[in-house]
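In what follows, a single structure is set out as C-alpha cells and then discussed.
Chain IDs A, B, C and D follow the sequence of writing; residue 1 opens each chain.
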Amino acid sequence: MISFTSFPIQPDDIHNGWRAHHPDIAEDTLMDLDDEQELFEAGGSKLTYPGESLTSSQSYMRGHGTYVDNEEVIASVAGTVERVNKLVTVRAIRTRYNPEVGDLVVGRITEVQPRRWKVDANSRQDAVLMLSSVNLPGGVQRRKLESDELQMRTFFEEGDLLVAEVQAFFSDGAMSLHTRSLKYGKLRNGQLVSIPPILVRRLKSHFIALPCGVDLILGLNGYIWVSKHVKESDQEGEEGFDTEAVYSNQNDEIDESTRLAISRVTNIIRVLASRFVPLSDTLLLEAYEWTVDQEGGVKDLLQEDVGDALVATVTARL
Amino acid sequence: MTTTTTTNPASSSSLSKPEQDALKASIFQRLHPRVYLERFLAENVRPDGRSLGCNADSAWRDVSVNVGSISTADGSALVRLGGTTVVCGVKAEIAEPELDHAGDGFLVPNLDLPAMCSPRFKPGPPSEDAQVLSDRLNEALVVSNILPLTSLCIHPGKAAWVLYVDATCINYDGNVFDAALLAMVAALKNTTLPKATFDEETGRTTCSSSRKFRTPLGITRTPIAMSFGVFDSKHILPDPTSFEEPLLDTTVSILVDSSSGALISVSQLGLLDGDGDGDALLRTCIASAGRRRDVVAKYI
Amino acid sequence: MATQTGFDRRRINGPEESHPPTFQVEEDFESRRWKLGEPRRTRKSADIRPIFLQPGLIDQANGSAYVETERTKIACAVYGPRQSKNAAYNEKGKLNVEVKFTPFSCERRRAPMRDAEDRSIAVAIHQALVPSVRLELLPKSTIDIFVTIIEADGIEGCVASGTVAASTALADAGIEMLGLVISCAASVVGTEIWLDPTEEESRSSQGTLVLSCMPALETVTSVWQSGQIKIEKVLECMSACQERCIDVHSVVAQALVENL
Amino acid sequence: MQSLSKAEKSYIQVGLLSSPPSRSDGRSLLDYRSVALETGVAPLANGSARVNIGRNANQAGGGTEVVAASKLEVESIDDDGGVEGGRIVCTVSCSPSAYPHLSSGALDDIQQDMTTILHQTLAHPSLHPNNLSILPRKKSWLLNLDVLVLADAGNVYDALFIAARAALWDTKVPRTRSVEYKARKTTGTKPGGTGDMDVDEETPSGFDTRQIQNATDFELPDYWDEGEVLDGREKWPVCVTLNLVPPVHYLDATGQEEAATPLRLLLMFTFPPNGPADVQAMRMLGPGELKITQLKDLIVTGEKYAHDLYHSLNVKLKEEDVRRNQKARDRFEQHR
C-alpha cells in the first residue's frame, strides 16, 4: 500500500513580510510577537533570539540562556523568555537535555568501561552509571565483588535501555546516574519514542499508568518509554527482589490489544510532539480516549488531518 | 619456518608425545626466536632443515619459475622460492617520451606486498618495506641495463612503449627481493610487443593485432640476485626466511648477470664486520652467489 | 579514463600519461565474431569452466586457498580470528573482506589504487559468506579475508570463484562455519542460459546472476543480479546455478579433505 | 544501523510474527509510510527530484529524505572518456547528518555501496536511453546522476530509486544542431540546420564507415523549452526492499525495524509497456539465509509490490509534470 503526496507548499511570500516564526511553534504563541517589549505578560510567553536585548540588568537578574553586556540582559539562545520574580531566563526551543539532580531520565548504554557504564541520555555528554550505583542481584545492600566487575555485561550491555535518576554531577559536567530503586533499571516490553526534551514537563510522577494497560515513563531528557503495564506487586517484592527479572532481556508475553495500545500511544506522542504540544498525563489520557472514540486505526494517526484534529481537540479541552 | 598455529593449552594433553614436542618447539620459537635460531645453528642446521655453510646447493631453497600463464599480461612469470611466492605481469602501454629523452621508452617496476601475503602487512598504500623493495628492484634493473630504453621507442619524441612491470607477493616467506627480481626478469623475458606504427598525420599509434607480428623485447642482460643474511657476525645464511630475516645483523645482495656470471653489483645493508674480517665474509658470499647462479640461470 | 595519471611518491612512477595500445581491426573480425542466436562456442550452455582448487598455499596465513577456472586466477588468505583493533565492543565477530586486483589482471592496466569495483566485489563476497560463519562465537574478534585477483575473466566469475576460494580458506583456517559456501554465475544470452560466463559472454548477455548457497544446508546466502531478465528466466537461472553449486560443492569438499 | 537493546529487537520481531502482525506504528506489513515527492527542485540541474518517506507533516525533520539531480555534460569521444551514444554515471553521497553515529570511513563505505548498486542498475546497457548522442564518433552527453541522502529513517534503497527514477523522468536533454564546415557532398549526411539530431532511426555500429559524417561541431539552438525528455523514460526501474523476518516479510521498514531485521532482499523491476516485468537487479543484504523456494516466492510476490509502487509513482510523476507546466505558464504570464 503506497501513496504519494506532495511536500507542503512553501509560501512564495517569504520576502514580503518576514516569516519570523519557526514552523514548529504553535500559532497561538505567535500572537504575542506584535506586543513590543511587553516582556512578561501574564501567562503568555515571548520568543526571542540570540543577541536581543531583554531588559536592564539593574532591575533583573540574569538566568540561563542570557548574558549581561552594558547593563543589559541579552538572550544567548533562541527560545521562550521566562521570568521568576527578578530572574530572567530563556529556554531554548531546540536544545539537548539540561540535566538537574533528581531528574528522571531514560538512557541507552553506549559503552561498558571498568566499573562504570556510559549512557546516552540526550545530553551534552554521555552520562555515567557507576557499578556502585546499581542494585545487584542477591540483595539490595550487598557489597560489590570483583566478580561483578567481570560480568558487568550481564547487567547492562551496549544498546540496553534503562530508566535512572540523576544523582550528581562530575566536575567535568557529566551527570552521574543511579538505579538504586526498584522503579529504576532495565527497560523491557515496549518501545522508545524520542521527542524534544522541552516538551516533557516536570510532573509529580514520571511513571504513568494509562488505563489501557500501557505504562509510560516520561524521561525528562525527551526519551519516552512506552510499555506493557506491569503490576505493582510484580515489580516490588520486599526482600524477594527478583534478580533474574531485573536484568532480563526477555520480554513478557504481550497480547495483541496491548501491542495496539502501545502503538497507539506511541503515535499519539509523535503527533503531539510534531505539533509541539507539551506532554502531561491528563493530556495523553484525553488524547487516547479521543482516538479510541474516533474508531480509527492506529496508523490513521499518522495522517495529517487526523493529527490536526487530535491536537485541536485535546488542546481545546484543557 | 614460522608456524602461526594458535594453540589451546587445554587441548595439548590429548596430543601424542611428538605432537606435544612440536608444540613446545613452536611456542619456544615464538617466545625466544633468537635462542631458537642459535640452537639450530649450533647443530649446523637451519630451522627449515637446510645445511649451514653456503657452498652446497642444499643451502638454498628450491626455486621454480612458471612463465606466460597470465593472458591479460603481455608477459608474466610466477616464481616460488621455497615458500615465498611472487607473481609478476608486464603491461605495455604507449606514452609520449620525455622531452630530454625523446628516443627512450619507460620501464616502471613496482612490487606490491599486499596484506594477503603476511600478517605483518596492512591493507592500504605501499608499506615502507614495499617502497624500499620497489626502489631496490628499480635500481637493479637500471644498473644492469636489462634492456636499452631506446629499444622501446616507437617514434622519437612522439610515442614510446611504457612497460609496467608489476610484481605482487602472494606469500611472504623471506628473501622477496631475489624472488621478485627473478619474477620481473622472467616476465620481461616472456614479454612480447605488438608491431606498432605511428601515424604522423593523425598523431595516433596503432598496433597490429596479429599474434604473428609480436616481437620479444631486446633484452641485453638478465640480472639475478642472491641474498645472504649474516647472523651473529659469523653465520652466513643464504636465502633467509621470514623467520630469520628480523634476526639478521646484515643483509648482502649480490647481483650477477645470469648468462656470463659477471658481477653487476653488491649491496649491503647493515654493518659487516665478520668478527673483524668483513672482506672475507663478502668474498664468501660472492663466491657462493657464483655457484648458485648455475642453478638459477636455468630458469631464465 | 583513457589516461592513468596520479603521481605517487611511494611508488616507482612512469610517465604522467599513458594509453593502452589501440589495435587495428582485423579484416575477418566481423565474420569471426559471435552473434546473437549462435550456440555457445567453447562449451555447452550448462557447463562451467573446470575448477582447480588448492587450499593452504599461503603458509603465512591462518588459512588460504588458490582457485583457477581457466583464465580466472584468484588467491585468498584468511587471517584471524584476531582481536578487533580500535573498534567498539561487539558481541559478534566481524568479517572483513578486502579485494585487490593485480595491475595486470585485466585487459586494461588497473592503477594500483583501491577503486569502486574492488569494494563492490568485496561486498558481494562478504554477503555470500557472512551467513555461513558462526560469528556469534567470536565476540570482539575480526576475521580478515584478503582476496587477490591475479587474473580476471568476468566480474561474475570473480565474485563466484572469489567466494568459493574464501569459503575454502575459512575452512582451511579452522573457523567454525555452518557449511561451505559455493557460488555459481549464470548469464542470459538470447533465450539460453549460459552458466559461468566469461567476460566476453557476460558482455553480450542481457543480464547476469550470481547465486551463492550452502548446498549442505540447502540455503541461499546471496543473490547478485544485474541486467535485464524476465522473472521466470531469473528463477530458471537460480535453479541452474543451485544445481551446479551442488557439483562444485563436492569438488571443494574433496579438495579440503585431501589437504587435511 | 541504530543500536537497539535485545528487548527492543525481540519486541519488534515478535510483533511482526504475531497474528495479526503488529508494527510499532500500527501499519500493516505491506503499508508504506507516506511518501512525499516533488520534481524540479534544482533549477540548475537538467532534472531533479526530492523524496521523503515517513515525514511528519508538521515537523521539519523526520523521515528518509533523498534528493536526486541529473546534469548533462558534453564529452568528446576518445579524448576525455566519452563513449559512442553517451554514458550515465551515478553517484550517491550521504550527508554525515544522516548517519551521525558513523565514522567518516564507514560513511565512505556505505556511500560507495549505494553508489555501486545504483550505478550498476541504472547504467546497465539495457536501460541506456537512445538520445544521449550528439555527433556520432565525436561528441556525446555524459549524464551525471547525483543522489544525496539527507536523512535515513529506514528504507533508504527504495527512496534512492524513487528519487533517481523521478529525476531521470524529469531530465530534459538540450536540443542540439550539428554544424558543418566541409561542403556537403556525400549522401546520407543530413543537411545541417534542420533541427535536432535523430539517432533513433539507426544505431551506428561503430565500425560502419560507409556513411560519412561531415558535421564537426554542434550548437545549442535557442528553444522555448529546456529540451526533450530522455528516451524511454518509462523504463527506469523501481526498487522494493523486502524485509525478511522469516516466515513473514514486510515493506518500508523504519530505522528501528531495520536494526531488528536480519535479512533484506532488494528487488529492482522495470515494467515494459507490454509484456511481463523485467528484473533489473537483485541483492541480498544481511546475515540471514533463505531456502531457494522461499527466495523464488519472494521474487514473484515482490514484483506485485513493485508494480503498485511503479504505478502510484507514475501517477504522481504525471501530476508533477502538469503542476510544473502550470507553474511555468503562470510565471510566463507574470513576466508579460
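Quick notes on this structure:
By definition in this document, a contact is a pair of C-beta atoms (placed from the backbone, for glycine too) under 8 Å apart; a residue touches a chain by one contact, two chains touch by 3 or more.
Chain by chain, the UniProt names read as follows: A = Exosome complex component rrp4; B = Ribosomal RNA-processing protein 43; C = Exosome complex component MTR3; D = Ribosomal RNA-processing protein 42.
This is a predicted model, so every value here is computed, not measured.
The set of chains touching subunit A and also touching subunit D is given as C. The chain with its C-alpha centre at the largest distance from the centre of subunit A is B. Between the interfaces A-C and B-C, more contacting C-beta pairs are found at B-C.
Note on chain placement: the centre of subunit A and the centre of subunit B lie 66 Å apart, centres being C-alpha means. Centre to centre, using the average C-alpha position, subunit A and subunit C are separated by 50 Å. Separation between the centroids of subunit C and subunit D, computed from CA atoms only, is 27 Å.
The set of subunit C residues that touch two or more partner chains comprises 25. Residues of subunit A in contact with two or more other chains: 158.
Chain-to-chain contact here is organised irregularly, matching neither a line nor a ring nor a star, and falling short of all pairs touching. You'll find the chains touch as A-C, A-D, B-C, C-D.
Interface residues of subunit D, counted against subunit C in their complex, comprise 78-81, 109, 112-113, 115-116, 120-121, 124, 126-127, 207, 265, 270, 276-292, 295-296, 299-300, 303. Residues 1-2, 4, 6, 69-73, 76, 83, 85, 87, 89-98, 106, 108-110, 112, 114-119, 123, 125-126, 130-131, 134-135, 138, 162, 164, 166, 168, 170-173, 194, 196, 204-210, 242 of subunit B touch subunit C in their complex. Interface residues of subunit A, counted against subunit C in their complex, comprise 111-112, 157-158.
Here subunit C touches subunit D in the complex through residues 1-2, 25, 30, 116, 119-120, 123, 127, 130-131, 135, 206-207, 209, 213-214, 217-232, 234-235, 238-239, 242, going by the rule given at the top. The touching residues of subunit C, when paired with subunit B in their complex, are 4, 8, 10-15, 17-26, 57-62, 71, 73, 75-77, 79, 98, 100, 102-107, 109, 112, 144, 146-148, 150-152.
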